[in-house]
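Shown next, in structure tokens, is the structure this report addresses.
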Amino acid sequence: MLEQKIEALLFLAGRPLSVKKLCELTEAKKTDVEKAADALVTQYESRSSGLLLQKASDSYQMVTHPDVRSLAQAYAKEEVSSELTKPSLETLTIAAYRGPVTKAELEQIRGVNCSLILRNLLIRGLVEAAYDKTKATTVYQVTHDFVRFLGLAKVDELPDYLKLHDHETLLKLLNPDANPQEENLPAV
Amino acid sequence: MHHVKVHTFEGPLDLLLQLIEHEELDISQVALAHVTEQYLQALEKADNISAEDLADFLVVAAKLLLIKSRILLPQLAVEGAEEATDLERQLKIFKEYLEASRNIAKIIHKRRFTFGRGKPAMLIEEKFSPPEALGVGDMRELFLSVLRDIEPVIALPKAVIEKTVSISEKIEIIRALILDKAIVSFHNIMKDSKTKTDVIVSFLALLELVKQRTIVVKQGALFTDIAIERLDSPPAI
Amino acid sequence: MLEQKIEALLFLAGRPLSVKKLCELTEAKKTDVEKAADALVTQYESRSSGLLLQKASDSYQMVTHPDVRSLAQAYAKEEVSSELTKPSLETLTIAAYRGPVTKAELEQIRGVNCSLILRNLLIRGLVEAAYDKTKATTVYQVTHDFVRFLGLAKVDELPDYLKLHDHETLLKLLNPDANPQEENLPAV
């Protein structure tokens, strides 16, 4: 059971975890944690897995097997530089015209969950997150780098910015008071 | 006719199933005919049915009506057998999935949740990588297309049967139809129909159009002419 | 070797990867990728691991095992709102057993219009939409975020899956002529 716990934690962390940290998280003794982690290291070596557990002086890390190194690099490249899909471009555009915008607003506008797309736009440095104290939530907007890439000084230089930023259609969708029929929307 | 207390219901099939199970009957044509009146009463008392859900309830009401009339007046049972067995099958299938959804609720209740990782495992350096060949003009076009996609969502609550005809008025129409005198009055409306079967089939067709939200049925009072109006906007989604 | 590659990619990503994406990255054929990934799913289930590979529709995700739920949840600091209304649960059930399923099929089974409930489930990320070229319409299926509530490796481990996935009476209802070529949904 301790082995499963350590395995799960090393996967979730994706980076080295010290023995001390593992002891805290699993509420187990140091000797037990080390014994279980070492057993896991052996287990990963013995089955021909695409993963390895690496032991450093006093920490453990789950990593990809050296045999698949080039693939790992291909994946890293893919995450940052593959062509943006249409849903991604739409989300980016909404962040530009409507930003700073909350995730909930983005999702109302697009009608689908945007978690994975936002994660990718953040990694690519196209969108940045900030904490809005008034709304008490995270808001998203396009980065300065992206605005410069478009050849603009500020985002409000986008064509029809004023008209589209507060377009009537958006207000109807996002402002339930302006649209009393929205009360009929069933809770999920 | 005794009144049956029903719990909150989510849709017409949910309501039907509750009524049949309350009577401890198996799902059959006879059982459906048996609970028809209770179905209409429950519908009349319900005040939380939105105008757009009403059409779905009415379609089932029409089928119940057909089943009941087939049992009361077997001489009508020339056509429409398919529609009648449809509802029986539909309800049986609905029951299967309803029970499955209860099993799923139990599984979720065990809280055997699993977790992925929010970020990639390796340190992927945040590297500015803009989309190639994206100009401000493209972005304007994209934003306009997003707005166009929203239009039907906003229109959705409007693309329903108008509330001008209250639920109880509509229920009266249907209930009356079950009684003989209603069938007579229906003849007046459908003067061109040659047989009684024609009348029922026409009525079902009418309700199907109501369901598709292409027309609005209005009736000032019971037994007055039913006015049929075409809705301007087609259903949104 | 393909199995190791897929295992490494799922570990690196942490998020779901589609079969299509796995094919691109491993440069392997779809049938081979699916076979290898399914074998991995079984392998993770059979060894008492702290991890699980979950399959939802046409993608795979590496996740923590349900047995270590409380520890993993505490570490991931993830709030789980698994509260689902009855209509949501019904819709998700049909999508899980019957997916990919069209809106018409969903409405046929539930007897009510499902537009709003589907939109809400899409926004919550519990259901995803895809375009089915053969049927020339949009189809809906459950996502990993939903399967993660269940703690199962695959939706076909749900009780009575075969019965409800390939329900004879259901097929008869949806297709009275029992002719699979015809797509004629009967009018309700």
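Lettered A, B and C in written order, each chain numbered from 1.
The working rule: a residue touches a chain if its C-beta (ideal position, glycine included) is under 8 Å from a C-beta of that chain, and two chains touch if they have at least 3 such contacts.
None of these values were measured; they are calculated from a predicted model.
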item: By mean Cα position, the chain sitting nearest the middle; value: C
item: Per Cα centroids, the chain farthest from subunit C; value: B
item: Mean-CA-position distance for subunit C and subunit A (Å); value: 21
item: Separation of mean Cα positions, subunit C and subunit B [Å, integer]; value: 27
item: Where subunit A and subunit B are represented by their mean Cα positions, the distance between them in whole Å; value: 40
item: Two or more partner chains touched - positions in subunit C; value: 11-15, 62, 64-65, 72, 76, 84, 87, 116, 119
item: For subunit B, residues that touch 2 or more chains besides their own; value: 52, 115, 117-122, 153
item: Residue numbers on subunit B that touch subunit C, as the complex places them; value: 10-14, 52-53, 55-56, 59-60, 82, 86, 89-90, 92-94, 96-98, 100-101, 103-105, 107-108, 110-122, 153, 156, 208, 211, 236-237
item: Subunit A to subunit B touching residues, read off their complex; value: 11-12, 14-15, 62, 72, 75-76, 79-81, 83-84, 88-90, 92-94, 96-97, 109-111, 119, 122-126, 143, 145-146, 149-152, 158-160, 164, 167, 169-170, 172-173, 179, 181-182, 184-185
item: Residues of subunit A defined as touching subunit C within the complex; value: 1, 3-9, 11-14, 25-26, 47-51, 62, 64-65, 67-68, 71-72, 74-76, 78, 107-108, 111-113, 115-116, 119, 185-188
item: Subunit A contact footprint on subunit B (complex, rising order); value: 50, 52, 115, 117-132, 134-137, 139-140, 142-147, 149-151, 153-154, 157-158
